[in-house]
Amino acid sequence: MNCVALPILIPLVLMIMQIFFRRKIFSQWLGISGSLLLLLSTFYLFGQVTKHGILTLNVGGWPAPYGITLVIDYLSILMLVISAVIIFCISIYAVSFLKTTGEKQRFYIAFYALILGLNGAFITGDVFNLYVWFEVMLISSFVLITLGSSREQLSGGIKYLSLNLIGSLLFLAGIGLLFGKTGTLNMAQLAEILREDDSAILLNTSAMLFFVAFGIKAAIFPLFFWLPASYHTPNITITSLFAGLLTKVGVYTMIRFFTLFFVQDQPFWHNLLLTLAGLTMFIGGSAAIAQYEIRKILSYHIISQIGYMVMGLGIFTPLGLAGGIFFTLHNMIAKTNTFLVSGMVFKLKGNYHLKNIGGLVKESPLLAVLFIIPAFALAGVPPLSGFFAKFILIKAGFEDGHYFVTAVAVFTGLLTLYSMIKIWNEAFLKKSPEDPSHEKDKIKLSLLEVLPSILLGLISLGMGIFASSVFGYTMEAANQLINPSIYIETVLYNQ
Amino acid sequence: MEVLIAILVGFLYAAGVYMILRRSIVKFIIGIILLSNATNLLVFLSAGLTAGSPAFLSDQVSSQQEFSDPLPQALVLTAVVIGLGIVVFTIALKYKFFEVTGADDLDQLKPTDNQK
Amino acid sequence: MNSVILQIAARYVRWMLLIFALVALIRGHNYPGGGFIGGLLAGLALIYDGFAFDHKRISKKRKINPVGYIGVGLLLIFISLLFGILSGDVLMKGIWISLNLPLLGQLKLGTPFIFDIGVFFVVIGITILFFLSLKRR
Amino acid sequence: MPQILLIYLISSLAIFILPKWVDERKPILLGLINLGAFIFFFLGIPFISGQIQYTRFISWIPEIGLNLEFVLDGLSSIFALLITGIGSLVFFYSYRYMKGYSRTKPFYFYLFLFGGAMLGLVLSGNLIQLFIFWELTSFLSFLLINFFHEKPEARRAAFQSLFITVFGGLSLLSGIILIGSDVNSYSINVWIANADIIKASNHYVPGLILILIGVFTKSAQFPFHFWLPGAMQAPTPVSSYLHSATMVKAGVFLLARLSPALGGTFEWTHIIPLAGVITMLIGSYFAITQTGLKPILAYTTINALGVLVLLIGIDTKLSIKAAMLFLIIHAFYKATLFMVAGMIDKKVGTMDINKLGGLLKYLPITFIITLLAVLSMAGLPPMLGFLGKELIYEAKIQSPGIANLVLFLGVASNVLMIAVSLFFVYKIFLGKPQPFEKKPNEKGPGFWLGPLVLVVLSLFFGLFPSILGSTLVESAVSTIREEDIIVKLKLWHGFNDVFFLSLFTVILGFALFFLLIKRDRLLARWRALNRSIFKFKLTELFDNTMEGFVNFTTRKSRAIQHGYHRYYILTIILFTSVLIWYQVFVTGGFKLNASFSLDPFYISGLIAVIISAGTFSIFAKTRITSIIALGVIGYGISLIYLYYGAIDLSITQIIVETIIIAMFALVLQKLPRFAKLSSSITKFRDIIVALIFGSVMTLIALRAIDIDFLDPISKYYIDNSMIKAFGKNVVNVILVDFRALDTMGEVIVLSIAAFGVSLLLQSKTGKT
C-alpha cells in the first residue's frame, strides 16, 4: 500500500474524531496518541524515502500532471519528521496548559486541521493544492490565535489575520498568473517547462507575487509585522506550536519554489534573497535585544532566524541549501522548546516580563537546564545543533564569496547570544524581585509539562552529536533540490 | 474584452487596497471582499477567456466542440468558497473586536505591539 | 421577525428549497449543481425557516445540531477516501457501481457521489452555524 | 587521548549521581582523576621528543572538513601537563575552599568540564574541533564566573567575558573558515603543509586578522583585556585555574599552534608583537595601582599574556624558547598566588591590601610560599622566573623588527613587575599589622599544600633547569619551529648584556618599590592621576556601548513595529508594487498584444456598472449603501463568469455573495457608522498607492494572457470526464474527482471557519 498520504490522513481522522467525541479526557488522550501515531508514520515514511528515493502518490489514480500528485522527497520528509516531533511534544504539553481555557475540543479540532494543512503543504506537488493547504492552515491558525477572545488576542489576531490574508490573496493571484502562462499546476511539470524555456524570465513578475506571499508567511523583512504583533497574545501552547511550525512552512515553500522552477535570472533573485536575509537577521536580532517580555524576545528571534534560512537559499550552493535546511530543522526544535520553557516560567512566576521575575535557577534547577539547552542551541554553542547549522551556513557563505551577508550572520549570532543571556540573567540568575515574605505555595511542574521540553532538548543535543547523519540527510535534500531532474522524472514519468 | 476585464481587475485591486488602508473596520472588510473578488477574477481571466459553451458533455461524445476551459472555473470556485469561509471569519473577528473594545478604529490595535 | 406571512410562506418555501437543493445535489455530476450549491440551498432553507420562526426553533425544537452536520459530512468525505484505499488502490480512487433502477433508468453511483454528499452536509452545517452564531448576538 | 576526554565527560556527569559520602569529597576524587591524566601525559613525555607527534583520527563529518583529530606533541604536551597538573591541585585546594558553599554540584561540574574542554582544545588537530572546545571554555567560564549570580557585578562580569570571548570566537571561526577554504581543510597539519599557499592567498590577511581577534579576546590582549579583571568575580579556585593554565592560555596556545602555518610574515611579526607589547605594559602599569589582591594578580596576568603573545609574535627560535619556558613559569606562580589570595580571603576575610599587613606572624608557611612565588614573578634568582626573564631579554634583544621599542618597553614593564611583586608580598605579610577580627592560622594543609608543591617545583626547576629544558621545552620548541632544536637551559649565563640589563631592571624595580612603601601618598596620587588620565574604563565603555546599542534598537524596533495596522499593510503593498514594477521594467512587460475592444457591448456596460458601483462603494457615506454597491460588484462579476461559460461558478458566486452580504448586514446593525478618520492627504496618498498596485496588476494580468508556454492540461479533463469519471459536468467532476483533494481542503476551511465564528461569537469573555 502506498502510504504517502498518511501524513494527511491521520490528522484528518483525528480531526473528525475530535468533532464527534466531546469528552475532555478523551480529546486529550486521543490528541497524544494520535500525534504519536503521526510521528511513527513519518518515521516509517522516512525509512521509505531513504530506501526508495522520492515517493509519489497520484490522488484518485489520475496521472500527473492532471490529478493532484503528492510527493515526498528528502526535504519534505525532513520537515514532516521534525514537525511531527514538535506536534507530539505540543500535544503532551497542551494537556496541562490548556486547563484554563474551556475550549479543549475546539482547540483539538483546529489543532489537527492546522497539522492537516501543514502536512498537506509539505507533501503536495501541486501549486493550487498548496494554496488550499495554506488556507486550511491559515484558518485554523486564526481560530487558534483568537481562542479565548481577550482584547489582546483579538487585536493581535486582527493583525495576524489581515496581513496573512493579503499574503494568501497574492499567492492565489500568483497561481492564477502562473497557470495562465503555463497551463499547468503540477510543480514537476512547471519545473520541466520553465527550466527549458528561455522566455520563462517573463514569469518573474508572477514569481514576485509568490515571493511576497511566502515572505509574509515566513516573516522576512519587511513583511514580518504580523509576527511580533500577535505571537505573544495566545496561550503559550499555541504560540509554541506556531513558533515551531508556521513560519517554517513559508520557508519551505520558498525553498521549494525558488529551487524548482523560479530559477531564471538567478543573480537578481540571489541578491534579493541575500539582502533581505541579511536585513531580516539583523533587524530581528537587534529588535529582540530591546525587548523585556520573554515571548517578544523569542518572537523577534524567530524573524532573525528566518533570515538564516533564507540566506541558505540565497547562497544556492548545495552546501548553502543544506545549511539552510539544517538550520530550519534545528530551529524548529529549539524554538519550540524555548517557548515551552517560557510557558513553564510563566507557570512558576505568573509573569512573562523579565523585570518582574527572577531567581528561577534556585527555584527550579531543572527548568534552568531545560532553558539553557535550547537557548544555547539557538545561540550556536557547540556541540548543540545550532552550531553546526550556523557553521555550515557560514562556510557556504564564505566559500561562495558572500562576505557581507555572512558577516552579518556571524554578528547576529552575537545578538542572539545577548538576548538569550538576557533571559538567563534576568529570569534565572537575578534575585527574585518578589517579596520573599509572602512565599506562595510552591507550584510544581508536572511530568507532562516537563517531558516535551526534555525530549526536544535531547533532540537538540542529538542533532549536534549526530550532526554527521543529519548533515548527510540535509545534503541529500539539497542535492535533490539543486538537480530537480530526478524529481521531475519521478513525478511525471515513473508512475 | 480581456483588456477591459484586466482593467476591471486592476480597478478592484486598487479599490480593495484603498479600502484596507482605511481605519474603519467595516471599510476594511469591504476591502478584503473587493480584493478577494479581484483575485478570483484575475485567476479566471489569466487562464484565458473563451466565450464558449459551458463544459457540459453530452452522451454523444464529440470532443471537437469548443468548450470553455473547466479547470480555471473549478479553481476559482474553490477559491470563492474558501474566500467565503475566511471573509465570514474576518467579519466575526472584527465584530468581536468591536464588541470588546467598542471602537471602529483599527488604530486602537496599536498597544499590543508597543507595550514594554 | 415573527411575521405571519413569512411563517406561512416558510412552510412552502422551505420544502421547495430543500427539494431544489436535493435535485442540485443529485444532478450535480452531470448538470449545474453539486454538493456545494445544494448544501448552500438547503442551508438557506433552514435559515429561512429560522428567519420566519425565530432561530431557536432550529437549534432547540428541531434539535438540529450544525456541528453534527459538519461531522457527518466530513465523515462521509473520509469514507469516500477510504473506499479507494480499502479496495487496494490509491487514495480517493473513484469506485463506481452501476444500478439499473426501474424508474430512473441507469444510474451510476460512485464514491465521488459520496464525496459530494459529504460536501453537501458540511455546507449545510456551516451555513447554519454561521447564521446561528451571528444571529445569537 | 579521546578516551581521556570521555573520562572527563563521564566523570563530570557522574557528579550528579554520587552517593552522599563520596559527594562530600568529590573535589578530591576529581583532583585524583586530573592527577591520573597528569600521570598519563607525564609518562608520555619521553616518547614525544622533538617533532614526533601522536595523532588519532576519527572521522565525524568529513564532507565539511570536520573531523576529530587528536594530536599529542611537544606543544600540546606542555599544555596538557599544566592543565591536568594544576587542575588536580586546584581541585584539592577547592575541597577546603568551597566548604560551606551550597550548590557546589553544578560548580564542580562546570569546573571539571572546563578542564576537560581545555584539554580537548590543546589536543585538537582540527581547527573546527578546536573551535568547539574553545567556545565550550568560553561558556563554561561564563557559568563559573556567574557562581555568585545574585550579585549584579558577577552577572555583569560574566556577561562581559562571555560577550567578548564569543565575539572573538565567532571572528576566529570566520577566519578559520576563510583560510580553510583555500586549502579545503581545517586540519592543522594540512595547513602547515600548505603554509605557502595560505600565505599567498587573498584570504590570508583578513583571515589572519580575524583569527588574531579571536586570540586577542581570549588571551586578554589590548584592547580586549578588560574582561579579565572582571572574571575574578568567580570563586578563587576558578580564577587560579583560569589565569594559570586554562582559558586565557588558549589564545597563546592557538598562536603557537598556528605559527608554522601562518607565522613569519610581515603582518604576523608586526601586529602580534605590537598587541603583546601594549598589553604587557598595560598589565604591569595598572597592576601597581590596584588595591585588591585579585585585581593585582589579574593585571599581572595581563602582563604575562602580553609577554607570551609578544614572544610568539617575534617568531624567532629564541623567542619561542623563551615563550614556552615563561608559559610554565607563569602558570606555576600565578596558580600559587591566586591560591594564596584565596586562602587569605578565607582566613582574614578581606582581600583589600590596605586592610592587610603583618600576617607573617600568623602565616609563616604561607609567607615563604608567597615569597618564592613572587620572586619567580619578579624574575629574581634562584627561581625559574629568573631564567625566564633572562631568556626573554635575550629574545627581545635579538628580535627583528621593532626590537628597540620592544626592549625599552620590556624593561619598563619589568621594573613595574618587580615593584608590584615586592609590594604584593610586603603589603600582606610585612607592613603594618592590622587588627583582625579572628586570628588567622595555618591549620589544615588543604590550603597551602597545592601552592607549596608549585613553588617547590618552581625552585627545583630554577636550580636544575636542564631537566625541563631538554624535555618539555625542547620538544615544544621543535614542534613550533618545525625543526629539531636542542634546548639547553642554565641558571647562570655569566656576565653578559642580558645580565646587566637584568641588574639595571632590578635596581630600578627595588627603587620604585621603596618609593612606594615609604611614600604612601605617592601611590594615592598615582591612582588619582590614572583616574584623570584614563577617564573612561574600557569596561564602562563596553557597557555604555551595549546600552547605547540597546537603546538604539529599542527606538528602532518601536519605529518598525509601530503598531499601526494600516501602515503595515501599506509597507507590504508598496514593497510588492515596487518589486513587480521593477520586474515589469526589467522584462519589458509593456509590449502587449491584446487589443482593446468594447465588444460585446453588454459586457462592457456591465464592467462600467461594476466600476461605478465600486467607486460608489468606496466613497459612500453610509454603510448600507456601501454594502449594496458591494453586492452589485459581486453579482456583476458572477454575470461575467456566466458569460464565459462558468455556470457553476456563477451560481456559487451569487450564493456566496448573498451569504456574505447577509452576514455583513446582520452584524452591521451593531457596528458603528462610518467615522471620518483619515485626513484628505492620507486619502490622497492611499489612492496613489492603490493605483500603483492596481495598475501593475492589470499589466501583469494582460501579460499572463499573452504568454502561453503550452496547451493547458484542461483538455484531458474534457476528454476523460465521461469515459473515466462518468460525469457530464466537467467542472463538478474536477471538483469531486480529479481534484477532490482541493475540495476536501476547501470544505475543511469552511468547517474550521464555522467553528471559529461560533467560538468567537459565543464566548462571553472579553471586555477586559
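Chains here go by letter, A, B, C and D, matching the order in which they are written, and residues are numbered from 1 within each.
The criterion applied here is as follows: a contact is a pair of C-beta atoms (placed from the backbone, for glycine too) under 8 Å apart; a residue touches a chain by one contact, two chains touch by 3 or more.
Source: prediction; values computed, not measured.
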Of all chains present, which has the mean Cα position farthest from that of chain D? C
Chain whose Cα centroid lies nearest the overall Cα centroid: A
If you average the CA atoms of chain A and of chain D, how many Å lie between those two points? 26
Roughly how far is chain C from chain D, going centre to centre by Cα mean, in whole Å? 63
Centroid of chain B to centroid of chain C, CA atoms only: how many Å? 25
At least two other chains touched by the same residue of chain B: list those residues. 20, 40, 42, 44-48, 54, 56, 71-72, 75, 77-78, 81-82, 85-86, 88-89, 92-93, 95-96, 100, 106, 109, 111-113
Which residue numbers or ranges of chain D touch two or more of the other chains? 561, 563, 565, 569, 573, 647-648, 652, 656, 659, 663, 667, 670, 697, 701, 704-705, 708, 712-714, 717, 728-729, 735, 737, 739-743, 746, 748-757, 760-761, 766-768
Which positions in chain A are in touch with at least two other chains? 15, 59-60, 128, 132, 135, 139, 142-143, 146, 149, 151-152, 154, 158-159, 162, 166, 173, 176-177, 179-181, 228-229
Building nodes from the protein chains and edges from chain pairs that touch, which of line, ring, star, complete or other describes the result? complete
Note which residues of chain C are touching chain A in the complex, please. 67, 70-71, 74-75, 78, 81, 84-85, 88-94
So, in the complex, the side of chain B touching chain C is made of residues 54, 56, 77, 81, 85, 88, 92, 95
Taking the touch rule as given, give the residues of chain C at its contact with chain D in the complex, in rising order. 28-37, 40-41, 44, 66-67, 70, 73-74, 77, 81, 92, 94, 96, 108, 110, 112-113, 115-116, 118-119, 122-123, 125-127, 129-137
In the complex with chain B, residue positions of chain C that touch it: 30-32, 36, 126, 130, 133-134, 137
Give every residue of chain D touching chain A within the complex, in rising order. 60-61, 63-64, 66, 103, 106, 128, 131-132, 135-136, 139, 146, 149-150, 155, 159, 162-163, 166-167, 170-171, 173-174, 177-178, 181, 546, 549-550, 553-554, 556-557, 560-561, 563, 565, 568-569, 571-573, 575-576, 579-580, 583-584, 586-587, 589, 697, 700-701, 703-705, 707-714, 716-717, 720, 737-742, 745-746, 748-749, 751-753, 755-756, 759-760, 763, 765-768
